[in-house]
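Below, each structure is written out as structure tokens.
You will see subunit A twice below: alongside subunit B first, and alongside subunit C after that.
Entry: the complex of A and B
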């Protein structure tokens, strides 16, 4: 739209705390989640799952289960797996190297929870009764439980992958950097081990599949972040035309990456629906979720940094290994590379390299989780604090010395990542100012003197958002001014708490120049919305903004042309159009409303000159010009550690972030809060744990501990708004909270315990772990003191 | 996570309830359901018959009697938490109540269910044990009263017979100078405790400790008393007591302390010692009144 006609900044809805349009239905219990979908004659699915980490299946007897009243079918791999035609994700592309992913276990089970058979029954109760009657004969095999030793195991999770190696990826050889490390005044290294944890959406996975044999169409209701991915996947899976599949999602109760791709159970429901004369519903229960919805974060890596005498970083490397579980989705190598690429973070690091290896194990498969590469920040930021203590410099000073400044941008990090429009130092200083860092250090000194251990930790990171990969480099929108002048905007959707409905109508109202109350949005139905990637990779904000802006600009042009005609044939550039009312510049008394314009466009086409187009509807597709848009933030956390029980109490939590101009601060802040709490969970509470035999030990929320409101302090926020090169200057903000929080919390704990010489290398920091660390440090200290005393004696004797 | 099929019964008197428990095959009492229902949903427990106690009015109520307070087994934890009389007369019970789960759970969970369920980490069994309560039981064979010291017999097991119902609990009201405290450590607010301790202590006219009870939870198969320390403390002067030492002594020789994902036995003992010490300090301070 031309500058003069654009609404002034203060008139814009973008940037304002517009109330979320979703809230009225969600807060009154009127959301529509998958379990709310009820179809005539619908039957219920329950899976028989492996109780053993690894075993050969030598027989399955379904007769007793089939005989149970209310059971309609019991299907095994032989009934389902042969009907997989093609199985690949649009996100990855047809030719991307992929890992095995059979719908049902065939011949061998590979983790506890591996689906072996599928019960179809009148209700879930009967389906669960029936599951107990299916007799599966298992011949147990030695499982590969610990991914860290999987490469050396003689047992194979998948025969086709020798050494259990999924793949390997890296930069220049580590040996190249030997001279730098050998000659550096300070070299710091630590191997960090992160536990498995994962997304725990309030709504578990779930799907309803309805096959219509008369016309060969499939309708799917599912909890997804990406309805179009599900549609394409299903069409390929069943070898039916894409337009014969319709995927509908209204509300998805949390996704966090886990619901980007359809998983094995979804395949089962898609195939089974074509075999039985009834719609099928499967709602994952929490126990299944903890067994089979996937794991994330399970990885370790040796991080190394070399420093000069002044504490300037000379080089940084990371040697990283990640657990893929038995059936990862997608192949983890593609996203795992980001750990190494982003390891240098927001620092000036002249040299570096990385190596990542990915191991299969007989555990739940790896899936995407909010900031899937976050280990780079854990390893880097925790190592920097270790370095500060080792070199004897304040960790804040060390960071200030090394952090990239605005005047150094754009630049590329030593692993080739091109940074631009980031403000790490600004967010760092802002967060420290909110805390009053110096005051905290004084308070800490007094506390220590009184036998109380408080600490502060920071994490500053840069984050690639809205990555416009070759496959998802576009986004579409359709905007329709209805005959009454009301506006509908159609985008792919996939909103799962990230409030796409609200931001899209804000953007549309601004770009068209209409009142927000006149705009509504339709999303999440592949039958009516344009193709799009959905929610993932912090792409929705910028990509949808691009689609809406481009489409609305064209539609606005048509509105103005019609208005110019209705206003008496004035030139188009003399027309002003704001809040749905057109007038001629300089003579505001002459007006025509959007309702009148629409009425003309649809019902009075005869009165219009031939060169004016009729109707008011435009579809547009935005093509990203960027590779990715960099966002950045600093998290600062303070805590108190009870050195008797090992309990960590968070005192203050501060986030200063730069996601560019905020479309809606409420939505941005909601994203930051949620991600931060997940990161706090990862640092202190959550663990998807297995015993040595590969049995999951955290199968309910009694043992898998999520942080609640009682464990999390008020999160204080600061914003820096630096425009990106993307549409509207926006950047993504979906994932960062979950990246920045774990290192900030870990560093705060390490700082609190610094007087004891504690070194943290294993997560999560449970109270018992902290007590162990204290005891180990005490032993080391005692041994060190004894050695020192011994040395002194020797010196005296000598 | 759906329970197996069961028959549901809702008697209106305790007599009728125990009759059902005795006559029906594989029957179990259902109170607030906050422990039983999750176990049914996970199919960790399967019963053919559930006898719901919610319509049995005689199981509910709080009555101040001569030198004691009687609480009906079906009284919810939330009702107990709100009771002024309990706050005044049985402070230890009042102070333990907010530590049980969350408000939603306490609104359904009952004192009888909590004590009959006898979870090793639950607060109420430890309170009952510390205060030497009397537990009223009813079965088709009649009524009997079981002293707390004999009630808890092991992991999730009690003196109650399968057809026996806990009907009420009688709490003695401590007179004179006394102090009460409960301290526990849980991973999160509202979780079952990893280790906890209740202390009740009385100080006589001579200024010496004349009554003393220390009970532990989360530190064994069921709630237990630290009898040896208690005996040592009787007759001593509050000024001489070393809380940390009392904590350590209470842990010495404890067997069957659980180990799980959240902490080893030795970790639990370390925390247990701290909880005893913290509870002791607070209770004693209240008793000596400064």
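Entry: the complex of A and C
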């Protein structure tokens, strides 16, 4: 590009597949994850954890452990818990109703893996030896293992919560809708039970805490999505000033919601560090992660829809119950309400309501996980397929009839959620076209005739991103042009693989008008970056874009003013500034570079008129003008089911997504791929399972099955681009894949097995589950069901 | 338990150490040698994050004791790029195809793929998927990784090069 040309949109870095700046260090083993942090004199922590789901602790004998060579201390609840001053999350706010969350178990253990004592030793090996030597006397109590029956249990997980009810929330009374359902030509209902599964980042949790008693400061290195949340939390926990805590995260090995909040072990390390004369490190192992890092997705709900004669939806309700585990973080009611609110999804539904209840159980506590409300899509989309089969209409036709069209927007769903800037029908049609739906139906016909069972499933959803809650409603940036003309941009960060360094330098280079090679980003250190909410709620793209834009715009103004002066006192609006070079419009021969401008700003202040500011550094804070930014997508999946082994093989997988303009298509697509495969895992393989006594039975990766490259199909993508009302028109894209995938997969399996009259209501769809479903269906009289399904299919095809 | 003397070469550098018999190789590399690129994702042999080359063969450093590596030549992810920092063909392919996000699984994938392409320079897609199935990634959905392996194989075929520098060195010896 020659200097005389005006920079155009095509010169922007946003929108391009810019290579990631994170990659060089990560590919060569030079990243810095929390376990890579070594501090002088550091000691290692290991936790003694409950082997029982629920018991009274009647005694703890630490003497043998303490006597072991290399053990420095063994701490129990009495040594730690009294030092909790305040304990609440910035995400929720001081006054939000909260659930119990003691650092160490006190008096009673409430799930297998509940931390009871904390070993501090010279290395992890000795700390593990010592844990074996701590003798805890337990008096077992009957556990509340099944959250679904917890409300009726006479046993209580927490005494202060009668009926094990964490909370309850809902819309208008279900009874209001009785007339609609009573008079509807078709009423369809199903109760779906989703298993517990979870984020499972490849890097487990970990934290290093270093207390400096002489000046009362704490430095923390940790695997987190939100360094500022950890800082504020620690300051409140210890009752020390917020600026006395510094939290540093460089590389975090995946978060997906799990690392949004500091949890109980983190509290232990924060408090214990103030009691021992050495920095402390705790790196969770995978077994601990599976026992105590939390669970998600465990819920069930009765979904109901009423239809008119033509298959138009008249009303939709969901009665929903969610497992909170023993120690949820945060209180699950706040995010759980979204299940009911978004249950209507992208459909025209005149009436509806919901009810959600949350139950404690003696299992690992619920934590946030990518699209925490994902069950709304499971319940709705699976029910729509059941409805299509019941009414005798093709599921695609049923959706076309009911899906919101662009000319109906903006609108609010029947539970009051305000939709705008979404394109559900466009993504739906695009994804079906990529598949060639009609061709697939023909292929299915032939396959069935040949005794092969293939099926197709879809899921279309709308998703609130970048929700402007108290913590998440603003985001800051500081941009400094250094004296040499190189640029540093500081944002709070919390990137856990979300490529935030790369996207931030793209946005900054565009907004300032400099070469991307001249921009570097510093993130994840509370001592040097602006305050920020971290990554969560699919907010990083839009919110950091807002912060960078606002800040860079002001800084660019200063650059232009200085350039105007250096170019001989021309009016500022005659200055062009592109790729770090300023010139006067129309006379490109006279130029001044950003390096020269910066040199003047810092070192030649005496030569500048008083009205020009010196230095080139600006901090800005963007305030969201939106409540949330809606994104939407359609997932389409085809599969083949082996009716003998119950094995599901995914054949094609298509996602059509509208996340607005893309800052970096590689990053967007990577988020969609990753989320989708997590959703596939949830539909088919993953389960955090407990036996009837509350013992976890999936405590290694041999039992908790993550999808591998061998199972995952190629994911084909389509994009529809509708700008949001947020900064740059961007929308969040981090979570959606994990929402859309499970229903698409479940529907594909159900469709493949439709000739057998199989009705799916329990997840995941493991081979054993599918074989059982087939057997049950056979017992119900498969022949009749097959004939009916066949007839329905023929009618649709005709 | 008395410590045992071992002698290994790690990324070309000779290391002597006296280690407890139960010290796993991954901890020896991470703690004793300060080579923190080798990651631990499960410590029970499933995730592959800890993969290193032991005498040219990919092994799981969480399942091997340091004493078992006595006398061996070890290559970790830190030893794959050129000394001037130029990425290996496999590393470059991962960067070019968005084969990593958080980067925690990445060293294990890069090391495993390096060994795999040595053994099978012209893999089919099924062979690639099969070879990768011993490494877990939670971020990428494997899409970029599979593309990266395919591209690395093509690049190596074109250049006639080898996936690992050490192997090249050995061949020319």
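The working rule: the second predicted complex is superposed on the first by the 773 of 798 C-alpha atoms of A that agree within 3 Å, B and C clash if a C-alpha of one lies under 4 Å from a C-alpha of the other, contacts with A are read in each partner's own complex, and residues count from 1 in each chain.
Methods note: a residue touches a chain if its C-beta (ideal position, glycine included) is under 8 Å from a C-beta of that chain, and two chains touch if they have at least 3 such contacts.
Keep in mind that what you see is a predicted model, and the values were worked out from it rather than measured.
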Between subunit B and subunit C, whom does A:470 touch in the aligned arrangement: first, second, both, or neither?
neither
Touch check for A:700: first (subunit B), second (subunit C), both, or neither?
both
Subunit B or subunit C, by number of subunit A residues touched
C
Quick one: is A:285 in contact with subunit B, with subunit C, with both, or with neither? Answer first, second, both or neither.
both
Applying the touch criterion given at the start, work out whether A:449 contacts subunit B, subunit C, both or neither, answering first, second, both or neither.
neither
Which partner does A:669 reach: the first (subunit B), the second (subunit C), both, or neither?
second
Just checking: does A:251 make contact with subunit B only, subunit C only, both, or neither of them? Give me first, second, both or neither.
second
Does the superposition put A:647 against subunit B (first), subunit C (second), both, or neither?
first
Touched partner set for A:610, first subunit B, second subunit C, both or neither:
neither
Looking at A:708, would you say it contacts subunit B, subunit C, both, or neither? Reply first, second, both or neither.
both
Hey, what residues of subunit A end up touching subunit B and subunit C alike?
125, 285-286, 700, 702, 708, 710
For a test of understanding, state which residues of subunit C touch subunit A in their complex under the given definition.
20, 22-23, 30, 35-44, 46-47, 49, 76-78, 80-81, 85, 87, 91, 94-96, 98, 100-107, 110, 128-130, 132-146
Residue numbers of subunit A touching subunit B in their complex, please.
124-125, 128-129, 132, 285-287, 644-647, 685, 687, 689, 697-698, 700, 702-703, 705, 707-708, 710-711, 766-768, 771-772
What part of subunit B is in contact with subunit A in the complex they form?
1-5, 38, 42-43, 185, 187-192, 194, 261-264, 267, 270-271, 274
Touching residues of subunit A toward subunit C in the complex: what are they?
19-20, 22-33, 35-36, 125, 199-204, 251-254, 256, 285-286, 496-499, 666-667, 669-670, 673-678, 700-702, 706, 708-710, 712, 714-715, 737
